[in-house]
Amino acid sequence: MSTIVLLTVTGLGLAALYFLVASGLSLIFGLMGVLNFAHGAFLTVGAYGTWWAAGHLPGAGSTGWSFVLAVVFGVAVGTAVAALVELALIRPLYERHIEQVLVTVGLSLAMVALVRAIWGADARPFPRPEWAQRTTSLLGANVPNDRFLLIGTAVVVLVAVLVLLRSTRIGLVIRAGVENRTMVTALGIDVRKAFTLVFAVGGAFAALAGSLGGVYLGSISPGQGTSLLIFAFIVVVIGGMSSITGTAVAAVLVGLVQQYANYYAASGVGDLSVVLLLAVVLLTRPSGLSAKVA
Amino acid sequence: MRSVPIGRFAPLVILVVLAVLPYSTLQVPVLFDGLLNSPGTLQLLALCLLFGGLALSYDLLFGFTGLLSFGHALYFAGGTYVANLALTELGWGLGAALLLTTAVGTVLPLLVGSVALRVSGIAFSMVTLATAQVGSILVLQDPGGYTGGEEGLALDRGQVPDAFVGVFNTVNLYWLALVYLTVVYVVVSWVTRSRAGRVWQAIRENERRVEVLGLRPYTFKLLVFVLAGLLAALGGVVHLLVLGGSTPRTTTSEFTLSLLVMVVLGGAGSRWGAVLGGVLYTYLDSRLTDLASSPAVQDLPEWLRVPLSEPLFLLGSLFVVVVFFVPGGIAGLVDRLRSRRRRGEDDGPAPGRVVEQLKDRVGAGMSGPRDGI
Amino acid sequence: MSTTEPTAAQRPVVLQLTDVHVRLSGSHILQGVDLTVRRGGVTALLGRNGAGKTTTVKSVLGLVPAAGTIELTDAAGRVHRLTGRRTHEVVRLGVGYAPEDREVFGGLTVAENLALAERRGSAHHPDRVYELFPELQQRSRQLAGTLSGGQQQMVAIGRLLLNDNQVLLVDEPTKGLAPLLVTEVAEVLARAAEEVTVLLVEQNLSVVRRMAIDAAVVDNGRVVWTGSASELLADADRTRELLGVATSAPLDESRSHSSSGAEGRTREDLPARRSRSAPAPEVGG
């Protein structure tokens, strides 16, 4: 029993990480038609931003509120980088999807390489607040607290995104834009503002995933974002490409399948079963689990 | 007018020059460190030629058919690991290993393609990405200790003909890579001019029109997917011999992305463009790595030295610049210069400008965004 | 319904297209469209299927890449060049658009569809739309994708009425609607036309007969005839020649006759050659 509890909570923690990365990806794809390969780099930037702030930024550190400040800094950097990328590199290629994807591919290679050039290719120990290192006993299992941190954050983000989409004007524009971008502009709305916003918000979530992933894994390395990105892509496809709730469900599914299979079969089998899951979903329901935005 | 026959024979001339190049003892200062026929230079050149061929096999998918696969690495890596296992683990001869690799190199893309091609657009790209990830995971997990995990797998040279072993035989590896490139070039030239090639081009431009003509795009796409996969797997064998082992680096998605970079750099949909892109990328990657450790760079101030120490940073940035300012890559650039000289003639879309034609493909498929109106 | 009809010369120009060319995926679709829309009432844009009506409308909005000059003159007499502007900027200058296939957002409710269309500083309220289409009020929380085609068209037209516009571009609003609904939609459009100029693409000639003052006929990517709508429709032979259809009996005879009883006019600003010429595919481009 305690094993199952631990596996489930850990799987949900992983799902939370996937969701943080995938929600931005699916919003960006849904609204702009851009498959953002640079998303993994945003994650890396956020993780290194937090790590750097914990060591260098006055007031920031690895405990309590000072750690929160470090995370805020990392997220801010990730957000700024994402917004800048959209304004400078994606927007000029408006509606030229292949070129936009190619630019994000080039960026993902260049940005990760730059991080590697500055801080080296080796993994760096990541600051972990003391609370996150302790465990909480839940139904007889000793669950590390960082799982709860991840899950809680993902739930807050999910609720916040849903509120944004369902009850604000910009959310209305985003939902309409996912359906039919051109008609949104034909109503006199500059849909590009929503593009920048979605990119920045997606970058923020990715950076947050980078920070929390660092806490979860205990270390960060430049390539981490890219390997997480592939599973996030899978989550996005399974979730229906442009749906937030679909993405959330898919993230839970993928996280749990991966954890259980890795434990009960063999290490690595979980990753393989996720790919299998993707193939099964695509072959049986080619449009993914859900086709609605929010 | 006179440039036409020269253009037609250019590949042949280049082939002859490349074939006799190892007999030259020229010293090309800045470009290469040693003499042209020094083992170090020859190995770099061999890698350049090999990746020229590999990039061309990828262009068959992307440039000629419009299939944006993110999993080409799987077949290349499959080639090196299968051949390596056959030689090193099973103790087979090179011929038998080559046969096995050919079989695997046909069946694997056939299996993956038959599933992945049921969906199109981004979904297809994702399925190929995910299946390639399976390869990467398998290799890194090192089941049964067969793949060597992160360390890679050294080749048992005892099983390889002596001609391909040892520093002094680097020239033979160079010729092997040249043969590989030539084979890929000839095959791609031939198939793209065949009836299937015309269907592939039609699929790239407008898949629905192909359906209207009563043809099944699926079959033709599967055909090109398998052919490109097989050519990549054979390239994997050459890579194995040139490097003397298999490395997990060839299984990563980053590796596939670098193939995409090569093709777009050189010019998607152009044979010589893709080859040139592969050659140039490999050369720059290697030379920039050398440059990074050279005293000239080590003495630079930190803000310059740090970015210069990562070839991938420079190549990635170069790629972004090309996508922005040189649509169609090198081939597209040459084409525009040429057509400016003989303006007026309109021969339809220029080779190497395929990316522009593919505009809508990547956004399509799945429940992606729709532009009404 | 306009009962008093000012003559063409008295009505200022609101939208002017001059030598507009559009090329799409290699074909030359608009081959020099010249079109004048005058302030007030309805101008009908007619033509066979595939003539280029929708493309003409889209060129005004910048939804297709257009060469040539397109100018909007606002109520204050300021002239705005529309070519080269982005779609949302054109719309904000006061160009409302109801596209051919309605294009309501199926995943949004009726109320959300209307809220989205309301531009900043708009003086109107969705209630205005609900007044005109009471049916929508009951369904304001229903997803627009689940509405009937006619109700969707009401939403599409309702979107136009939420802002102060200089001109409305309405592309085939009665396409696929039952006769009763055609009347209802036409009624609303006619009411809207009392306040704002409408450029109406329409295949249903009885609707044209009821509301249009001016008419322009597009064929093969050119405007081949302009003049008074009633003049055009009164001449069955020419209508057949230009539009490839026979004039149908008007829905409501008494009304159509009393409202558009004036004689046909030829616009003085257009050379007679153009206004009278038959479809002219032989004119090489």
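Assorted remarks:
Every chain is named by a letter (A, B and C) in the order it is written, and numbering of its residues begins at 1.
The definition used in the following text is that a contact is a pair of C-beta atoms (placed from the backbone, for glycine too) under 8 Å apart; a residue touches a chain by one contact, two chains touch by 3 or more.
Since we're looking at a predicted model, the values are computed, not measured.
Looking at A-B alongside A-C, one finds more C-beta pairs in contact between the chains of A-B.
Here the chain at the heart of the shown protein, by mean C-alpha position, is A.
Look at where the CA atoms of chain B average out and do the same for chain C: the two points lie 53 Å apart. Separating the CA-averaged centres of chain A and chain B is a span of 31 Å.
In this assembly, the C-alpha centroid of chain A lies 46 Å from the C-alpha centroid of chain C. Contact with two or more other chains is made by residues 372-373 of chain B. Within chain C, residues 63, 99, 103 each touch two or more of the remaining chains. The set of chain A residues touching two or more other chains comprises 178-180, 182-183, 186.
Chain C meets chain A in the complex at residues 61, 63, 86-88, 91-92, 97, 99, 103, 105-108, 112, 115-117, 119, 159, 163. Per the touch definition, chain A reaches chain B in the complex via residues 29-33, 35, 37, 89, 92-93, 95-99, 101-103, 105-114, 116-118, 177-183, 186, 226, 230, 233-234, 236-237, 240-242, 267-268, 271-272, 274-275, 278-279, 282-283, 286-288, 291. Against chain A, the residues of chain B that register as touching in their complex are 68, 115, 118-119, 122-123, 125-127, 129-131, 133-134, 137-138, 141, 143, 253-254, 257-258, 260-261, 264, 306-307, 309-317, 319-320, 323-324, 327, 355-356, 358-363, 366-373. The part of chain A that touches chain C in the complex is made up of residues 169, 172-173, 175-176, 178-180, 182-191, 292-293.
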